[in-house]
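Residue numbering begins at 1 within each chain, and the chains themselves are lettered A, B, C, D, E and F in the order written.
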Amino acid sequence: MKRLIQKILPHPFLTLLLAVVWTILQNSVSAGMIVFGIILGIVIPFTTARWWPDRPDKMRLVPMLKYCLLVIWDILVANVQVAWIILTKSNAQMKPCWVVIPLELKSPEAITILAGTITLTPGTVSSDLSDEGHSLLVHALDSDDPDAVRDEIKDRYERRLLEIFQ
Amino acid sequence: MSLFLIVALPFLGALLPGLMNSAGRAACAGVTFMVTLATFVGLLTNLPTVLAGELVTVGIDWMPLLGLNVTLMLDGLGFFFACLILGIGLLIITYARFYLAREDNMGEFFTYLLLFQGAMVGIVLSDNILLLLVFWELTSLSSFLLIGYWKHLPEGRQGARMALTVTGMGGLAMIGGMMILGQIVGSYDLSVILQNRDLIQADPLYLPALILILLGCFTKSAQFPFHFWLPHAMAAPTPVSAYLHSATMVKAGIFLMARMWPVLSGTPEWFVIVTGAGLITMVLGAVIALFKHDLKALLAFSTVSHLGLITMLLGTGTAFGAMAAMFHILNHATFKAALFMSAGIIDHETHTRDIRRLGGLRHLMPITFGIATLAALSMAGIPLLNGFLSKEMMLEEATHTVLFNSPMLVPVLATIGSLFSAAYCFRLIGHTFLGPQRDDYPAKPHDPPVGLWGPPALLATLVVVIGVAPFLAEPFVKLVTASVLGGVVDVPDAHFKIWHGLTTALYMSIIAVGGGLLMLAIFNPALRVWDAAPRPEAKRIFDAIIAASVSLARKFIAPLHDGSFSRYAAIMAVTVLAVGYHAWTTGTVAPATRILQPANFVQIAGWFMLVAATVGMVFLHRDRLLSLILIGIVGLMVSVGFVVFSAPDLAMTQLTVEVVTIILLLLALNFLPNKTPIESSVTRRTIDGVIAVAVGVAAAGLSYHYMLRDTIIPSISEYHLANSYKGGGGTNVVNVILVDFRGFDTFGEIIVLGIAALLIYALTETLLSGPVRARLLNRKPDQPRAGNMHPMMMVVMTRVIMPVVLMVAFYIFWRGHNEPGGGFIAGLVASIAIVMQYMASGFGWTSARVRYPYHGVIGAGVLIAGLTGIGSWFFGKPFLTSDYTYVRIPPFEKFELATAALFDLGVFLAVVGAVMLSLESFSRLARRAHVDDPDHPMDIDPSRDDETTKAEA
Amino acid sequence: MELLVASAIGILTAAGLYLVLRLRTFPVIMGVSLLTYAVNVFLFASGRLTVGAPPILTDATTYTDPLPQALVLTAIVISFGMTAVVVMISLGAFLGGNDDHVDDPKPEADAGDAS
Amino acid sequence: MTHWIILPIVLPAFLAPFIVLAARYHIGIQRVISVTGILALIGIAAGLAWQASDGTVSLYQLGDWAAPFGIVVVADRLSTMMVLLTAVLALFVMLYSIGSKWDDRGRHFHALFQFQLMGIMGAFLTGDLFNLFVFFEVLLIASYGLMIHAGGTVRLRAGVQYVLFNLLGSTLFLFALGSIYAETGTLNMADLAVRVALFDPLQSSGIRVAAVLLLMVFAIKAAIVPLHFWLPSSYAEAPAPVAALFAIMTKVGAYAIIRVYTLIFPPQLEAISGLHGWWLMPTALVSLVVGMVGVLAAKKLDRLVAFSVIGSMGMVMVSISLFTPEGIAAALYYIIHSTFAAAALFLITDLVRAGRANLNLTAQAPIAGGTLTAALFFIAAIAMAGLPPLSGFLGKLLILDAAFESDIMVWVWAAVLGSSLVAVVGFSRAGSTVFWKARSVAPEDGAEIAAPPATLSYVAVGGLIALLAAHTVFAGPATAYTTAIAQDLFAPNAYVTTVLDTPGKLSDYQDDSHDDDAAESDDKVEEDGGH
Amino acid sequence: MTLLSTIMDVCLYVAFITVSVAQVMAMIRLWKGPSTGDRILALDTMVINAIGLIVLLGIVQGTQIYFEATLIIAMLGFVSTVAYARFVLRGDIIE
Amino acid sequence: MITEIALTVGVIISLIIGLFFTGVAGIGLLKLDNAMSRLHAPTKAGTVGIGAFLMASVLHSFLLGQGSFHEFLILGFLFITAPISANFMAKVNLHRQNCTPPPAPPRDDMWATLNVPEADRELADPQELA
């Protein structure tokens, strides 16, 4: 039974996401469309399941939502900072630097989310992964102390992600 | 026998020798002989009618609208020539049976011979001048085959080609002449044309027609200056020479002059051209003949000379001349055929035809000697032989002919011609048969079997019989002459007699014979003079002309068609520009009916970016990646432009296509060099630039012109707007047009896409199974590749994005009928989603997990679209007729079900299949053999650490 | 506005044609693509330019001419297929001969004389 | 409404994907389907031709939409004749490609072949200008596939040029279509005929340019000098059966010129006066000459044949550009002839290839199956050069006859007759070198004796020759028919009214501006007035 | 209210101009380069700005009709960016 | 009325935010002097700018009474895809060596992008090709 469900619903979150996307796409909420969205949410992951073979680690939904809100806030704030830097500092004053972040996260999904977060929050761009996937290379636009950046990222994001993807 | 059968028999019979080839040589020859005999007999059955002076005509329609009909007519002239053709043909067939060597293909030979014979009979029996032309050219073609029969001999091939070229040229000219005649008269029927002498001669086109027709006759009859092909045609086997040059091919021109005599002759133009050409030919041929050492060449030039004689007679335009000509045709046929066959016998027996190596054959080959001597003396104009009679008549006629106001010119030249004629005849006898017997013949000569000497002997008998008793031939010749004259003038009542009294002609004749003997006496010194004298060698001139035209043609064609695409394209651009400009300036420009709409800052900025990217493409195109990026901008800006100008569907299509195109070009660029070197000169670039700018200005101007003017009547699209919802059930009019109003276009379009994909696939297969494969395997990247083929972020994101994009694709498809979107765009979006997966996890991993072969998807798409179209047949509606209805299934809202959506589904599938198959094929090329398919979708995955350690442990 | 569009068509055409007249397949294909853009816009403009009136039936009274849009859509897709094909064929030619000139190489003097 | 008219398009359009879907890996099944399909096509085409033979114009409204709003397919005498011609040609070409196993030297030959047929049929049948473009593209893209079938660097290189040139042509086509739509607001040919007639000579520039742009497009297809450059290499390098099938492709251009320039832009129209003779006739004459001079200049047999195709197209175009019923009738007769003749020659060229290293016009050891091949070449060359007794000669006579009234009759005659002579010289040189001179060359020691071509190949070529013979023998009926077609073309009323006055879907409650102006259809039900 | 809508109109106009200027600046970056990475970045920026332009257009015209077009640009713009980048990195974008 | 005013003000604010950030993105792209720094400007300033425009669009649609929120979808896409684009462009810069060399990773051998396959190492230096 579980197998069957697994086969039909390989990625429940994806199904949910698709149903939501469908509803947003319709630009109106109606029962019929939501049902239809769910149907699509089942059919599409089913047909593409071969390309997402492994089931990801369990993800905790509530901390994830919290994390999202945090990120959005950070994006807004940091954007202003970056804009300020760009508009006010001259090129010579800027101190771009590399930041290396040793990763405790193992799951690819988590690492990806972390990297994405780093990029979205201005001032930092996640640039590369080490060849075994144990560190993340981040470029900071203007920072005096790369270690501070590293610690902040580890503390602010990676820690939370570790909680979400236990 | 019906005339149809007479003409058709040789053609039908031509099939037999080929079929009988395996039955043996005798059977081949036998069947040919029987066919010819049957034809001959069939012809003779019409003799009584002809003798009664009646026309035998038959006809059926062939191309009545053109006036080309198969109408045949038999009168005295036709009968005479047909008799010659068939009669001599019978002798030739007999002779050839024994002449041809064992390794010669008998069947082939007789097939050609019968074809030729049929064509000749066709000429003389045609009542329709177009039909006559058909047979006329057929003789050229079949004689080409006959002359080139010995394919291994270069002389044979060249002679054949020369004959075909010259006579073919004449034939083509004659087509022109004949068609003018037909147009003047309003009919191509000979019987009608012959009635319209005055009409024709009064027409301004008479002279061109005359010249064109005479060109045909002269080339065929080897008149000066077209005489040169005939000697080279001697490379043919002797039976062919004998046939072609005594009785048939060359006589065709004479026949035609005789045939057209009633309408064409009698004018000064005719007289000057025909008589002049004839005289020159006669003298020239005779002179050259004397100095030829090859027996057949000698005979060939003598033929030329005699044809000139006949032509001259016809040219005089008098009835007596015509009669003399007809008589001489008969006589010439008899003695010349006999002589050719004798020459063939000599060649056959001694293995040489060179007079200088012969001599003294009279004791070794007495029979041949007898025949040849009789025939040659006849040719020389010795009394009691038939040649004398007609030559007398010719000289007689010559004394009455005044050319260029000079009464002496023609007689003197005629005498000179006769003199040389006599001389070469004597030389032929003297140097071949008389003199001491030699012991250095290439082969031991002796008389041949009766099969070879029988036919010429028969002819020699005729020579003597007519020569002694001309009155036997007289009624027949007069009958023939009557039909030549065609009632324009009466047949002269002069009788054929051996003795006319001491006339001027006789004196001339005596001078000729005497002079001929003298000439032979001083032959050796004369030969030295001749050899020393510079003279144009016709063959060399002809070859030079042909070689020059070929090389000229190559100089003209080769550089023009050297595969330079850039020049082709430039020429095309300039042509279109020039033609368009011409059309534009010859018309009148209407005043503008629309006002210019103002442009705002954004549009100007967009324009600026588009232009910057475009100009960038021109100046930076050598960096190929950069030009790809720039074209991305162009595409983006054009799409935004489409959005601005109210075309969201277009914008979406343009964008998606853009992305796919760029992916495709990047895949290709992987193999191509990344830079374009500078190769063209500055001049070249300037010229190209000027052309490009000119065309650009034209395009801009044209478009500006149209945009400021309204259509002549409001566009049909008003109907589409009005009926899109009513008739097509959709509010997105563009989509309704695509899948409904003009669904057929779309059907074609998805087929184009499908074909493109199939083609790409097929070519990939071909490349991968050919030599290219090895090269691909050994290929090195032209720059170091970065590590991490399948980055983790990309892979993970794709897992989420791809399903979403697929859903969006579905959404676009779903909504397409009413909102911007549709099967196309959905298909492209879906393909891009799949491409994302390919880019993320690589070709091997991804394609190993593809469920359906893309071929099948394309096929299914096209079939679904097509079947939707066919479905409407079952409702009695035409292909692609759409219908729609609204359905309500709880819990869903009411939604629309349209057949157009099914059609769109076909479009969707076809697009997905086509795009994917193309991209897949491209990337298959790039796969290097040593790369194994990875087991994992991403290269780096720390979560696999545990597995690795486990595996290591 | 019309002037902008018309001149854009002209510039695209000119640039496209210039690239078409180049000697290597890649710029030529780029040129053909530019020409395709030019002609698509040209065809589109044959329905005259209208801002803000997409042919999606609503309550509006005026719409832009939908027919040229449908035609251009067809043309875009077809020219995509064509581009894919020409890219593939030229790639095949390049891989076979390791030469991406569009023009044929100058022929070596091969004898072909009939006599 | 009969569905037969659409079948020549739909049948191949179904067979091709079916072959791809179901018989991708089975050449035998593909062959059976292909040949059966073509036989069916011949049957259908013959039926259509028979139906149209009394001058009936049959209309098929796709999607049930009345012209000019939807696309229509029109079967009149001209189009059905071309369709039948294509189908018959296809049969022999297909037999040859099976016989010579050309179809097995690459993938998807049969599918592409069917698609190609679909494109050609569609181009002949459609009554809509943009749809004509679509079918042009279908036939072109299929032809690209067929042309590079079996690959090879030289062929691919020629293919690149061929494709690029045609892409430029397609671009030009779109420019022309844009111009035409911008001027007239319609795409249906019959409707265009009505609308173009309304043009005032004082507003003619735009429509004139549109007219010549369209003409240029078709001229490219018809390979008229100086737009013919794509032809020699591509035809020479294409696989023989493909080149043979291409013999009909140039005719598509000729067909389109005939159709468009008698129906939409007829010569007597004032607004576009002076465009017909001005460019077309001189260039047609030049094409004729260039083609035949090319025959003389060719160093390879396949190029020789390709140039002869240009020449024959020149001949066709000379006749067409007279724009008289006689001229068109002659051109149509010649089109049939030259299609078969060119196809036969291309196939024979391939037969010659058997046992020869290349097709250079040099003496090489005798080819396998030489005598029969030589005989076939001789006949086909006669036909192509326009010598009697075959239809080439008759066609030439017809053209000369038609040109008699022309102002530049002398030039026409000189070009037609002169180029024939050049062709004769060219063909005889080539033939005597390839077939005769070969006898004097001993085969190389140890050289393997190539197997002669398959019987089926000979049957195919023989069939084409037989068709030529039949075209000659039945020249009377054939010319009568082409004359009837030409008369139809110069009295297009039946065509126009059939197309425009047949009601379609929604016709009973619609009205459109068109009818008011065309003012020809009184029987149309008009209920609600205008928009 | 009318004042507000006037302000809104002005803002819209200014926004148009800003986005256009940003586009032009990206274009200049694309011309200047100097590295391929910069050019890809410029292209990516232009794609994103194009979304902005179309969204603004939608606001001005008060219509939702351009939504699909915007969506597609957003979805696919990055595909071409990735393709270009992959090309520079690996040569082969699908391997 | 109040909602209308609020919505209008919201639109205005969103527009101003949007134009500010898109402007900054453009300036940054032009102004910054090294490739890696330039990467920062548009990938996020731009994203937020467009996000604000989308917000304006949403608000505006409510203002017109045809409320729509599907613009968020576009925003979502931008936010998901922007990091990947940035990541790839950073990789390009790393590979083409258009930036200062990064420090070595603490636990692994080297950065993935710089891990050029053995076979390619003898090929030309990427710097020259850049």
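Points worth noting:
The definition used in the following text is that a contact is a pair of C-beta atoms (placed from the backbone, for glycine too) under 8 Å apart; a residue touches a chain by one contact, two chains touch by 3 or more.
For reference, the UniProt names are A = Multicomponent K+:H+ antiporter subunit E; B = Multicomponent K+:H+ antiporter subunit A; C = Multicomponent K+:H+ antiporter subunit C; D = Multicomponent K+:H+ antiporter subunit D; E = Multicomponent K+:H+ antiporter subunit F; F = Multicomponent K+:H+ antiporter subunit G.
Computed from a predicted model, the values in this text were never measured in an experiment.
If you take chain B and chain F together, the chains in touch with both are A, E. Here the chain-to-chain distance from chain A to chain F, counted in touching steps, is 1.
A summary of chain positions shows that the Cα centroid lying nearest the centre of all protein Cα atoms is that of chain D. Looking at A-B and B-D, the interface holding more C-beta pairs in contact is that of B-D.
In terms of their C-alpha centroids, the spacing between chain A and chain C amounts to 41 Å. If each chain is reduced to the centroid of its CA atoms, chain B and chain E end up 60 Å from each other. Chain E has its Cα centroid 48 Å from the Cα centroid of chain D.
The mean-CA centres of chain C and chain E are about 24 angstrom from one another, to the nearest whole unit. For chain C, the set of residues that touch two or more other chains comprises 20, 25, 28-29, 38, 40, 42, 45-47, 52, 54, 56, 67-68, 71, 74, 78, 81-82, 85, 89-90, 92, 96, 102, 104, 115. Residue positions 130, 134, 137, 141, 144-145, 148, 151-152, 157-158, 160-161, 164, 168, 175, 178-179, 181-182, 187, 233, 298-299, 429, 432, 437 of chain D are each in touch with at least two other chains. Multi-chain contact residues of chain A, defined as those touching 2 or more other chains: 21, 25, 27, 115-116, 126, 128-129, 131-134. Against chain C, the residues of chain E that register as touching in their complex are 61, 63, 65.
Every residue of chain F that touches chain B in the complex is listed here, in rising order: 77, 80-81, 83-84, 87-88, 91, 94-95, 111-117, 119-121, 123-126, 129. Within the complex formed with chain E, the chain B residues making contact are 600-602, 605-606, 608-609, 612-613, 616, 625-626, 628-630, 632-633, 636, 639-640, 643-644, 648, 651-652, 655-656, 658-659, 662-663, 666-667, 669-670, 781-783, 785-786, 789, 794, 801, 805, 808, 812, 815, 819-821, 825, 829, 832, 835-836, 838-839, 842-843, 919, 922-923, 926-927, 931. If you check the complex, the residues on chain F that touch chain E are 1, 4-5, 8-9, 11-12, 15-16, 18-19, 22-23, 25-27, 29-30, 35, 38-39, 42-43, 46-47, 49-50, 53-54, 56-57, 60-61, 64, 66, 68, 70-71, 73-74, 77-78, 81-82, 84-85, 88-89, 91-93, 95-96, 98, 113, 130. Chain A makes touch with chain F in their complex at residues 21, 24-27, 75-76, 79, 82-83, 86-87, 91, 94, 96, 98, 100, 102, 115-116, 118-123, 125-135, 137, 139, 141.
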